[in-house]
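Notes for the one structure printed next.
We call the chains A, B and C, going by the order they appear; numbering starts again at 1 in every chain.
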Amino acid sequence: MNAMVTGSEAEMPEIGYNFAYLDEQTKRMIRRAILKAIAIPGYQVPFAAREMPMPYGWGTGGVQVTAAVLGPDDVLKVIDQGADDTTNAVAIRGFFEKTARVATTTRTGEASVIQTRHRIPEQKLSEDQILVYQVPIPEPLRFLEPRETETRELHALAEYGLMHVKLYEDIARHGHIATTYAYPVEVAGRYVMDPSPIPKFDNPKMDDCPALQLFGAGREKRIYAIPPYTRVVSLDFEDHPFEVQHFAKPCAMCGARGVYLDEVILDDRGGRMFVCSDTDHCETRQAEGHHGEMWGGMLAEDAR
Amino acid sequence: MTTTSEKPLLVAEGLGKMYGTRLGCRDVSFSLYPGEVLAVVGESGSGKSTLLGLLSTELAASSGRVLYRMRDGTLTDLATLGPAERRLLMRTDWGLVRQNPADGLRMAVSAGGNVGERLMAVGWRHYGNIREEALDWLGRVEIAADRIDDDPRAFSGGMRQRLQIARNLVTRPRLVFMDEPTGGLDVSVQARLLDLIRSLVAELGLAVIIVTHDLAVARLLSHRTLVMRQGRVIETGLTDQVLDDPREPYTQLLVSSVLAA
Amino acid sequence: MTPLLSASGLSKTFVLHLREGARLPVVAHAAFEVFAGECVALGGPSGAGKSSLLKMVYGNYRTDAGAIRVRDGAETVDVATAEPRRLLRLRATTIGYVSQFLRVIPRVGARDVVAEPLVVDGAAPDEARERAGALLARLNLPERLWSLPPATFSGGEQQRVNIARGLIAHRPLLLMDEPTASLDAANRAVVVELIEEKKRAGVGILGIFHDAEVREAVCDRVIDVTAFQAAA
């Protein structure tokens, strides 16, 4: 794309692309699938996923959902593992800047549509926001039952014993539920759903969330949804209740507690620090004057 | 025997199955009572596996019907059950022990998980309780407690088969279907398994329909025997009657073909 | 007094399909009765159909014609026409059978083999095992053998296990097929004693006793099976 549209040409109206890349018929088809998904929370709706100008695994499902819900007045934020500046996030943001000419932002609070891979922003979402997840494998039962015909029937009959077999195996082998991401949830008391590979730390944020949450799987051609203010429960055992990760120290940069931290290796002598995975959240806090123990050091590092 | 045991648990009426123009089985009728062990014997292609498939609702009948006495006492035509009811029946009130344990077990799941699956499927949500129950059942099928976290790929054929039995019996079913459960096992392993099945069946008062080509298995385990040939039941009766005083030419041939050890 | 067992018009012919449908007549129009507390021997030369008759009474062999009425409490059951389930119940409550050979059950020890009928009757397993041990001791089976499966026992040892299993529980009608065939004199005497005890308990016995000494000691009368011989 960059090869096609460069320099001053970028200022010109995009000839050859419909708004947000997909044609209107395709967007209508995807919107119908989204509406059905919202009507049946947690249920995987098949849709005719298109080839996108990016490889599978780069968020083709999420991109198609975003394209279908995006309007000219929307403000788009794209994150990958919580960061706005990774290759995947930058590429997708650039894609919609060029094909839809929508405004983009890195600020969670300013965005109306947020496409994400592997995280939910730390800042609480609001009713006028849509969170679009990129999903690699939508089927939570696949680990134990590879037959699609069988898993569909299991969903239809709400036969979810298998999900607990997976958790049982975790406890039997590790002494605790070792599943730390893509941790299965039950949506609205009915369907069990794979929340995409977000850390289980983020699972509680899905529950009773004011924002609409949409999930798109491009290769697997499935869309599912959690409507606003829906009950989302992480599966567990009575004697091994669901728990999120706890971090011993606050963010080394902004001092935040109760957020998801990434480990950053500093040198080859074992030096490391833990910083917010959500870069926008961390920068906002630093700008507000919150500082962690490594804050000065990093500034000095940057200054050199 | 109590009065409830006077009512049949399962009734087959004129059961038949065609695979296109090929006959699977035809016009099979019998009643099975609680606690009764019925052997279906015959050689390969006699229709005994087809019959088992029809009875366990894995196959749809071309004619006839199968009635089952549900836990509430009503005799219900299994064809009228919805898929949810049917599956509930299969994972609670019924067991199905397959010839090849790999078909009846989850080979990548630990022994404990294999036994616990049915419990979790019916709503058990306490890990400690599930594990305790799994341990109890592993003990009953003579699998050492310290193997509970090993998956069945590390088990011998006989152990796998015993694990499959535990996995099926953990919900205390009233009826168990067994398809050649000792097929493919060494003779000494077979003897141990047969003895285990025999004592569990007696202890739990299970009704069993066991398909086998091995008349010794029928003799050791079953009260009654159906002899099948070319898709039809050609002779029935008490097992010792059928084996010691066979009437039909084919049954006489079967009985006389057994090698005496 | 009504008999425990009343057979009438019994006929049986084996048809051997593997030998071009050869017909092997066994008995025709057999009729006999057994009353409580008596021991009746089936007499006649080998091949006269004594064993087959005994097996017909037990329901092990099927009956072509006639009736075998067995008193079961207040009911009378015709073995020749009874449903398999009824027959099993009759065997569980009323008819005991001491066969000529022990049918070995893999892996089950001798004492448990003997105790099983008591357990089926509802006795506590410990009590059943204790009584089984006592009976095996009476039959001079060395205690070191009790926990072993009888498959490897000698013929005489197996036969004593078999007799113990057949006699341990109370059954009003006992069928015995040469119970002393492979026993020595001492053990024959024990079996005679056991049979006398059964008779005193009101058990009716129908049996085949080749050993003349045993037959004379226990049997009240002999039914000559050659009288039932079918015209071949």
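Please note the rule applied: a residue touches a chain if its C-beta (ideal position, glycine included) is under 8 Å from a C-beta of that chain, and two chains touch if they have at least 3 such contacts.
A quick map from chain label to UniProt name: B = Phosphonate C-P lyase system protein PhnK; C = Phosphonate C-P lyase system protein PhnL.
Predicted model only: the values in this text are computed from it and were never measured.
Central chain assignment: B. Criterion: smallest distance from chain C-alpha mean to the mean of all protein C-alpha atoms.
Taking each chain's centre as the mean of its C-alpha atoms, the one that lies farthest from the centre of chain C is A.
Centre to centre, using the average C-alpha position, chain B and chain C are separated by 32 Å. Inter-chain spacing, taken between the CA centroids of chain A and chain C, is 78 Å.
Our note on geometry: chain A versus chain B, Cα centroid distance of 48 Å, whole angstroms.
Per the touch definition, chain B reaches chain C in the complex via residues 1, 33, 36, 191-192, 194-195, 198, 220, 223-224, 237-238, 240-241, 244-245, 247-249, 252-253, 256. Residues of chain A that touch chain B in their complex: 144, 153, 156-157, 159, 161-162, 164-165, 168-169, 171-173, 237-240. In the complex of the two chains, the chain B residues touching chain A come out as 83-84, 87, 91, 106, 108-110, 112-113, 116-118, 120-122, 125-128, 130-131, 148-149.
Of all residues in chain C, only 14-18, 55, 59-62, 84-85, 87-89, 105-108 touch chain B in the complex they form.
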